[in-house]
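The block underneath contains the structure these notes are about, expressed in structure tokens.
So that you can tell them apart, the chains are marked A, B and C in the order they are listed, and the count of residues begins at 1 in each.
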Amino acid sequence: MNWRSLALKSFLLPGVVLLIVLIIMAALPSFGSKYSIIFLSTIFMYIVLTTGWVMFSGPTRQISLATAVFFGIGIYVAAILGMHLPLVVMVLVSGLISSVMALMVGGLTLRLKGVYFTIFTFGLLELIKNLINWYEVTFTGTRGRFVVVVNNNTIYLYMLAITGLTLLTAFLIRRSKYGLALQSIGEQEEAAAHIGINVTVMKVSIFAISAFFMGAAGAVMATRWTYIDPFMAFNMNYSFTPVLMAIFGGVGQLGGVVIGAIIFAYLEQILITQYPYYYMLLFGLVMVISMLFLPNGLAGMVQKWRARTVGGGNVHS
Amino acid sequence: MSILEGQGVTKYFGGLAAVSNVDFHVDQGEIVGLIGPNGAGKTTLFGLISAAVIPNSGTIRFKGENITSLKPHQICKKGLARTFQSVKVFSDMSVLNNVTLGAHFGRLQRVSEARATDEAARLLEFVGLTGKAKVQAKDLTLANQKLLEVARALATKPEVLLLDEIMAGLNSTEITQAMELVSKIRAQGITIFMIEHVMKAIMSVCDRIMVLDHGKKIAEGTPQEVATSKTVVEVYLGE
Amino acid sequence: MLEVRNVDAFYGKIQALWDICLLVSESNIVALVGSNGAGKTTLVNTITGLLRPAAGSISFLGQRIDSLPTHSIVELGISYVPQGGKVFPEMTVRENLEMGAYPFHAWKQKDDTFQQVYEIFPRLMEREKQLARTLSGGEHQMLAIGRALMSKPKLCIFDEPSYGLAPLLVKEMFETIQNLRKQGITIFLIEQNVRHSLEIADRAYVLENGRLCLEGDCAELLQSDHVRKAYMGL
């Protein structure tokens, strides 16, 4: 049957390719250099944060700057509990606590529209950073904490697993009726509510799901830094960079988000090491140029190119 | 007991009474028209019924149950759906997906992908949009977008359907087709409450008509009664 | 006054208009009739400069306007009332009307024009200080028409002005259009309400699928079989 061979092509072939890639990546610690393992861990972190951000802010069009909050909670939970719990449990608990935080925050504030929501999430970051700092200064007498040490290969494998799970979740949601519902909420919230979609529950749920992965990633990355303090953990870079990566890669397609994160992180690494004095400038320049000429990101450029060569038709994302 | 009724429904925006102490009822199987000058509060009344807006006072009952404090998605799940005066289709989605969403989240429970899509396809045929299933909603003409909204609302399997000016901007032929569609919908057992300015349609399709002006109900009755009422002629119909 | 010659127009790669020729003479009311999707709004967008014609020319008062930006076209005296009356939602009714008087020659006369517009649409005066987004659909339409009038146009293009208006207002609106003609304004009217528009217009064009299929004297067109069947449901 025609549709069966089509399904085979669109799922089986990419599926096999992905599986092969996954196997190679999982085996990497045994033959890859230490530098590449560490570098890839960082890239995985960015992929998780960016995909997590797109999961919520993509369809709903509400720009969240709370990524660093959930990432930071993961970091802090790792610092507090890491010594007492096996690694797996610690990571899961970090993710869960971030989720719960997202549920609370979401429940209170997702009603805020547009810029107000964005500014609120940014304010949340500052709030929690200073709150923890104050607490530490007042009650524990010290600033910062030590985190349990984990070896680089383990960190790498954990990040690989979390990245895989995040991408899988994002993919499945997108393709499901919930993905469609989220898109409708972003386009016409009132109409979406009128066809039976519980807008608040949907938004808060996806917010919490994305926070889970951000928290889990934070817990793992904390073990690499070994010492953390509120200012390191709740760093606004982790809120802004995923947004830039997503826009650079193209928010519409999941593949675009991933490629965007990879290229961006790679670019940053290269620029920092080759041009340590100018890298910020060059970075900014790259961003400006790509915004001028690729407003839909890299994915958008690929789509346009395909439309021109293949001759139109809708691209299912 | 009417399937949809309201008592003393009032809504203020700032100091202005958009809807003032309005009583209304729609009986099962009826097609009731809602007419009135621009700014009379018709769409606001629909908004109060569908819970897009919360009334300042008064109660609204659907199938005997007080729905005044419910949220829009809950009211949809109870069996009341609506279209919007300023069309609110999901522009970046295909026509088919717009309707499929209605099937997924409306009153049908636990619908599989296949069933939702089939239902959507069936409804597209019902309203006459089959050929446009894969088109992006934003590329439809205004008239077709209105039909899409109707199909999407029908996908939620309502018992009562609120139609807000679905005939605005249609030419005579299209109006006749729309009138047929409204009759077809009633034939399916769905009660209809419709806002319209197209007199030809209202007069021939409605069993009963309600007239609002400046937020108050000023007349109610059969199309004949309303068309010949002096107040209505003066305030709304002219001639 | 307005001359459209052999105009083709595209949306990206898709052709929307083929070889359009039409003429709007001074102090005339010219009607453009056609179904949804026939290309009426496309044609208007091409005239007002939002879209560039791929071929042909458009002239206003003898001057080529097809390569001018929209704001220049407005300064020359063409005013446009969009379908559905696109108002500035966060401005008051009065502010919306003031925006209409933006062109230099209109600004000087705006106080008088206010009076005129309020006479035609007393409801707008009632709601003068209200934010435009709080108005009903039909009131948006009235406001958009009022705003177009504030620019003291020589040619006024109405895109479905009766859209969403109550019957009484529809009659008043068509009367207003005739009054405007008496004041020397030329009108290009795009309408679904075929009977009304053919009754008040001098000439009419029928657009179907991007091509002009009929044109001529309105009395003739009202009798045409095609028009009666396709657009008037008779």
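By our rule, a residue touches a chain if its C-beta (ideal position, glycine included) is under 8 Å from a C-beta of that chain, and two chains touch if they have at least 3 such contacts.
If you're wondering where the values come from, they're calculated on a predicted model, not measured in any experiment.
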item: Relative to chain C, chain with the most remote C-alpha centre; value: A
item: Closest chain to the centre of mass proxy, which here is the mean CA position; value: B
item: Centre-to-centre distance between chain C and chain A (centres being mean Cα positions), rounded to whole Å; value: 50
item: Whole-Å gap between the CA centroids of chain A and chain B; value: 42
item: Length of the line joining the C-alpha centres of chain B and chain C, rounded to whole Å; value: 29
item: Complex contact set, residues of chain C against chain B; value: 35-37, 83-84, 123, 127, 134-139, 141-142, 160, 163-172, 192, 194, 229-234
item: In the complex, chain A residues that touch chain B; value: 177, 180-181, 183-184, 187-188, 190-199, 314
item: Partner chain A, residues of chain B touching it in the complex; value: 50, 52, 71-73, 76-77, 81-82, 84, 88-94, 97, 100-102, 104-107, 113, 116, 134, 136, 149, 152-153, 155-156
item: Contact footprint of chain C on chain B as seen in their complex; value: 13, 35-40, 42-43, 85-86, 141-144, 165, 168-176, 197, 199, 235-239
